[in-house]
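Please find the structures below.
Next come two complexes built around subunit A: one with subunit B, the other with subunit C.
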Partner chain A sequence: MLLVLLALAVRAAPAERVLRVAYNEDVATFDPDDAILLFGLDAVRVLYEGLVQYKPGTTEIAGWLAQRWSVSPDGLTYRFILHDGVTFHDGRPMTSADVLAYFKRRRHPTLPLSYFLDGVDSMSVPDPHTFIIKLKTPQPAFLDRLASPWAPKVIGPAALVEHAGGDLGVTWLNDHADGTGPFMLAEMVRGQRYVLVRNAHYWGARPYFDRIEILIVPTMNQQMLMLQRGELDIIEHGYPFDQLDKVPAGLKVDAHDALGLEIAYFNRSKALRNRAVRTAVITAINPARWLHEVFGAFATPARSLYPKAMIRGPAPVVFPADLEAARRAIAAVGGVTLEIGYADQEAPVQQRIAEFMVSLLKGIGVTATVRSIPIDQESSMVNDLQRAPDIFIAQDYPDSVHPATQTGVFFETGAALNFFGYSNPTVDALCAQASRITSIAERDRQYLRISDILFADGAFVPLADIKDVIVYRAGLTDLGTRPALPWAVDYGTIRRQ
Partner chain B sequence: MPGLEAAAICMLFVITLIAIIGPWLAPADPVVQIAAPYQPPSLRYLFGTDEIGRDMLTRLIYGVRLTWLPSLAVIAIGVVVGTLVGAAAAVAAGIVDSMLARLTELFIVIPSTMIALAAVAALGPGLWHTVAVMGVFWWPWYARIVRTEIKTIATRPHAEAARLSGVAGLRLVLRYLLPAALPSLLVTATLDVANVILVLSLFSFLGLGAPAPAPELGAMTARSLASLTTHWWIPILPAVAIFVLVVTANLAGDGLRSLMKTV
Partner chain C sequence: MWLFLVRRIAALGGVLLAMTVVLFALQQLVPADPARALMGPNAPNSLVEQKRKEMGLDRPMPVRYARYLYQLAHGDLGQSISTHQPVTQDLAHFAPATLELIAAALLLGCLLGAAVALPQALRPSIGGLRLALIGAASVPIFLTGLLLPLLFWYQLGWLPGGGRISPDNFHPGPTGFMTLDAIITGQPRMLLDSLAHLVLPAVTLALPIAVSVGRTLASSLQEVYTQGYIRTARAKGLSEGRVLIRHALRNAAGPPLTMVSLQVAMIFSNILIVERLFAWPGLGSYMVQAFASADLPAVLGVAIVSAVTYLAVAAIVDILRALLDPRLG
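And then the complex of A and B:
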């Protein structure tokens, strides 16, 4: 009788719903103020939540911890009304005072993502449900910054008070999490796996999965085999483009527009100092000559220096086409030798693009080699331009869908990822002007004008709009992908049919 | 000498010839796309094309060149340095011999491949950095052989006779002692080629060889591993080429040893 009861009990207990995913690289931290890399964003956004977010599949902004918000007519004051009943993972209720304490932490200059709140004048909490931010000057991009995947996301008092230590809780948050999200960090074995478990007291919609297992599997071949064997449910990034047209039965492909834009950055302090040489090189590396070979149907020629999910330019960028003139220009300077660097984080596809470029450049008399640039060296190339590569190619992601976050990170003087230190006062002035425009059509026209100047200068060459591609086991639905959220599904919405 | 070993010795010369005249032999440019990517081996493209559409046959010919000639260069550096150190130790005797012998042993016991990897990584990837650094670590066995051989030969009657007839110093070493050490040196060097090829391939596999897209065999295999299940010829053929080079060098070394014994 006991055995029968036990058997019935086992049968009645619902099986735990587990989603297994893999990262190519380990994550340093899930701290939303410190996690600057792309891998891990999917986990960060279910551990922590921000005030607003982009709606799935769109670039529209919706409330998150804020149920609604208003902006003053002068564009300086943002008033957020917070949801009721939100609790942190340790069960403590979230109030506007917690939000304020967190935002103060985020502004600390030692944290790499503190720049998101540059321009904030003051913050206040008139009541437990209201949080007010006042800006020094109007920032039409401000809400987009708050909806960014790297945006401020509220951390609880367990980290900010009890475990703050002397470093704002950074050390504690390297191994722990204390947010308001639908999942909690249950296990963290560095270099091997991370386990998130469903937050039983979550204030919002209950996720379908009980447990998310994130494995660190550095080689894509192994990930692909694991997916085929059923040991993984999703490959969120890195499935080889040239194998997407023959994914095995039982697997599906989701390809959606994203903010990933392939750009060639030109180091104009060496061989590419000469404008004629730059033009010749641009002629040779025209993406129309290699795009389909590398990406198949999963990329289109760039329309500007902004991803088309940000600004849809009127037509693909027109490259100079006279290869004979390019050959003459190279011959006139007695031949050119170039080094093409590519982002190591995206090595297989970036190296392939670089090697296509080597082949095409040979056709106009340019000898080129390629080398990978580790991600931690990318931003320091500007410190020694003579040792830096002549061209750097990368698929880079801006912070949000507002074009100011593209120019402000990559193109303006002193920008964090302005890899070769390009500086053009005219561009800087136009960017400053554009960042204040509230009419989207007018704003986009201004930013496209900036793109034209940058391309004509031979400093930045827009190559391709690349789709985010996710390969997953058939039966999974509601992936919750967003153009502004790279390499990620939404663990809060995804379910199995 | 067995036929296989004789064939390997012949093959050694053929490979060296291919390595030298490779650029004139190859049907295409090794870095230029000549056809659509991923063309399987066919009559038109004997070894197919790679992920860029480059001719695999061309890249293998250049790959052999970029592997074989540097291997010979490493061996040459090792033999020259080892011979100098070994001969100096044997001739000088006493404290100099003792110090050079300890130095040789030191280089033998340190994990030379690991240190060479670190050194190349510090100097920056590059074929000639690799060759130079490996040369620095590849001499001790040759030094030991030369020292031992010269010490043994120095007591033989022909060396004694030469010494009694007034031959000394460098002339004695070059004319009467060193030539007798050459057979052992040659056999060891030939057998060593296989080891050097493997280490060089390891360096290029790890991205420490010539900068891409140079057709180094190890790097070609490493970069195309993701194609193993879909376009097998791209990672497999360079690996097979490494295998053939290594086996040939080993068999040729054995063949030379047999030949020396016979002579």
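And then the complex of A and C:
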């Protein structure tokens, strides 16, 4: 009797136009200048809007709050013409002065994502509909930076004036939102759920769903069961690859190209200092030997050190294939012991790859062990290369689809995620040169050349282009996924048939 | 009694101080970078360096530790890296969920333990329930936490498989304890819903407690029943129920109460698993996320709450024992 009563109590009213999704973990904030993680991007982009965005399914840039824009011939001045009739969530109309006030905030160096506006010289608003950004030097990647999922997105005066406090409104925005997007933040109960409700006064196309409920469900096992029971509508990330070919009836799978590239980073300070050993190891860990077992049909061999959604290299990277030569090279140095580290934020997949590598390396006489590296320790590996693993494998995301954001984060000297401190003046010079090229074809050729050098150096080994996979309940359409928008659907376009 | 309380509080202070020293020292050994965690993986090193200075991470450890102690003395536990909120605010938000779950598990564990122990003590030949409980408690807690929702939520649909309350039934209240808030705000549906959400995680946590408490109580009762005053009570014509309640239980309560206080320490380690499995938004979930973000202020905050709770429960148990048995007072 008690169980029946309890069961009746938890039975929710039928959900009309409610979309339920889950995050694996809490997000710190939806503040677009402070939200650095991957979970939460889907909510941020419907609470706030930027000047430009990538079109669904492409890497083509389209207007967003800006109905059009122009770039001066010297590449220094960007003039954005803003849409009419845009309002903030509290109903106040948005003008170029609001955009300017917001961009000033974004540049504040205490905010993590302020670096997106590095190189901005000045900003101005000649009239209420025009916003002008002037750069110090031409940056062909600038528009991509503005279209990135982490790009500046306009916050309204409720946060920046009324609730600014002494910290640019950071504290207030931890629990509130004040944007121009099609949804408003109605509830933020940390550890439990966030609720977005449709903005009835939205200036653009009306979203189908009235309400988005984001639940915090830490384990994938539970998310999968909830999806099957209809308690969730979508799993945006983390559905196990080995179960994607047998999703239960009533569920569908969307797999699309993304910017997540699996790379093996080589620590060349220890056993891998020896070029012959590096070549032997690269021979053994050829992704063609394990890719299908780990990812099924949801990954392809990498074509370069750039995701194929960024630069489509002509063909998969060619790995050395002579395993006998690899065995001889290892035997010649009297055996090799390696430690493989993997990024623990994607632990099940990364661990599986690492374990495959261990067995493949054994085949050429290399003894390898595996250890997980927490995300907060990844960038510290460079400080002690002797205690760092010999190989680190990870799937990381650049800021945008412009290749400069990939080289600038991973490959250049002193780059934030240049895990083992690789430094090559030739590569740095080529990167600097490439970042100034405006012709896309020429630019891509230059970056592919850089990729070849890095691979030939045995510093970075491109392994696999991994698709973003979304599992959802049949009947949902117009997911609005984008290659440059990791782990997210577009709540503004998605609908139920 | 006052001397006892003062001693307890002094011990608590000592434990907390030692704990902060150990955790600070451990932080030095772990090559984590809280500034990087706060600024994001792709942020340029120059920005991260600036943040490091801002957070005082460039200063020597003793200086940082002294600063932390100073803030702690003023009730400031710092700011969480993973939530960007003051840790005290986070603790106030997450602790009620955990404490409510622990209270439910302890209550359930004690009731189940008593249900095992009493028949055992009165008629030692009855062993079915005890066997069943021992069997259930022998299963590792993560397996119980997986199997119970599979059966009662996924297969039968009788109980919710995770979370603390259904969104439709949530009405914020003053305490953060869902069941209490439901009563205070007069929301019967919320009360039933929050109880329904409590059942599976509480049972998962309660099974090992029930067996430990039950076995201790049973053996304690069996010993008490051999005592002369029990025979005297029976000879006076008291019913078995009155003998049990007025004489046996009171004298047998010491060891199981001690066992309860020991179980609290075990609950705090199990809570990390159970909260994760049941998407329970408490300190365990908060702690797991804090670990992943090199979030020392949050980790220390949770450790302090755990220590305080454990010592408080131990103190309450000691007081109860003293009340039940004046010789210990």
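Simple rule for what comes next: the second predicted complex is superposed on the first by the 481 of 497 C-alpha atoms of A that agree within 3 Å, B and C clash if a C-alpha of one lies under 4 Å from a C-alpha of the other, contacts with A are read in each partner's own complex, and residues count from 1 in each chain.
As a working rule, a residue touches a chain if its C-beta (ideal position, glycine included) is under 8 Å from a C-beta of that chain, and two chains touch if they have at least 3 such contacts.
Treat the numbers as computed from the prediction; the structure is a model and nothing was measured.
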| item | value |
| --- | --- |
| Overlay on subunit A: subunit C relative to subunit B, clash or fit | fit |
| Touching partner for A:S380 - first (subunit B), second (subunit C), both, neither | second |
| Touched partner set for A:K362, first subunit B, second subunit C, both or neither | first |
| Subunit B versus subunit C as contact partner of A:Q243, first or second or both or neither | first |
| Which superposed partner A:I36 touches (first subunit B, second subunit C, both, neither) | second |
| Touched partner set for A:Q192, first subunit B, second subunit C, both or neither | second |
| Subunit B versus subunit C as contact partner of A:A315, first or second or both or neither | neither |
| Geometry of the superposed three-chain model: angle at subunit A (Cα centres of subunit B and subunit C, steps of 10 degrees) | 40 |
| Broader residue contact with subunit A after superposition on the shared chain, subunit B or subunit C | C |
| Partner chain(s) touched by A:S372 [first = subunit B, second = subunit C, both, neither] | first |
| Touching partner for A:M220 - first (subunit B), second (subunit C), both, neither | first |
| Nearest Cα pair across subunit B and subunit C, whole Å | 6 |
| Subunit B and subunit C footprints on subunit A, overlapping residues | 219, 221 |
| Subunit A residues within the subunit B interface of the complex | 219-221, 240, 242-243, 246, 293, 339, 348, 351-352, 354-356, 358-360, 362-363, 369-372 |
| Of all residues in subunit A, those that touch subunit C in their complex | 3-10, 12-13, 25-26, 28-29, 34, 36-37, 109-110, 112-115, 118, 170, 174, 189-193, 195, 213, 215-219, 221-222, 225-226, 228-229, 344-345, 374-381, 383-384, 396, 398-399, 409, 414, 416-417 |
| Subunit A-facing residues of subunit C, complex | 30-34, 36-45, 47-48, 50-51, 54, 82-85, 90, 93-94, 97, 146, 149-150, 153-154, 157-170, 189, 192-193, 195-197, 199, 276-277, 279, 281-282, 285-286, 288-289, 291-294 |
| Touching residues on subunit B, where the partner in the complex is subunit A | 29, 31-33, 36-38, 51-54, 125, 207, 211-214, 223, 225-226, 228-230 |
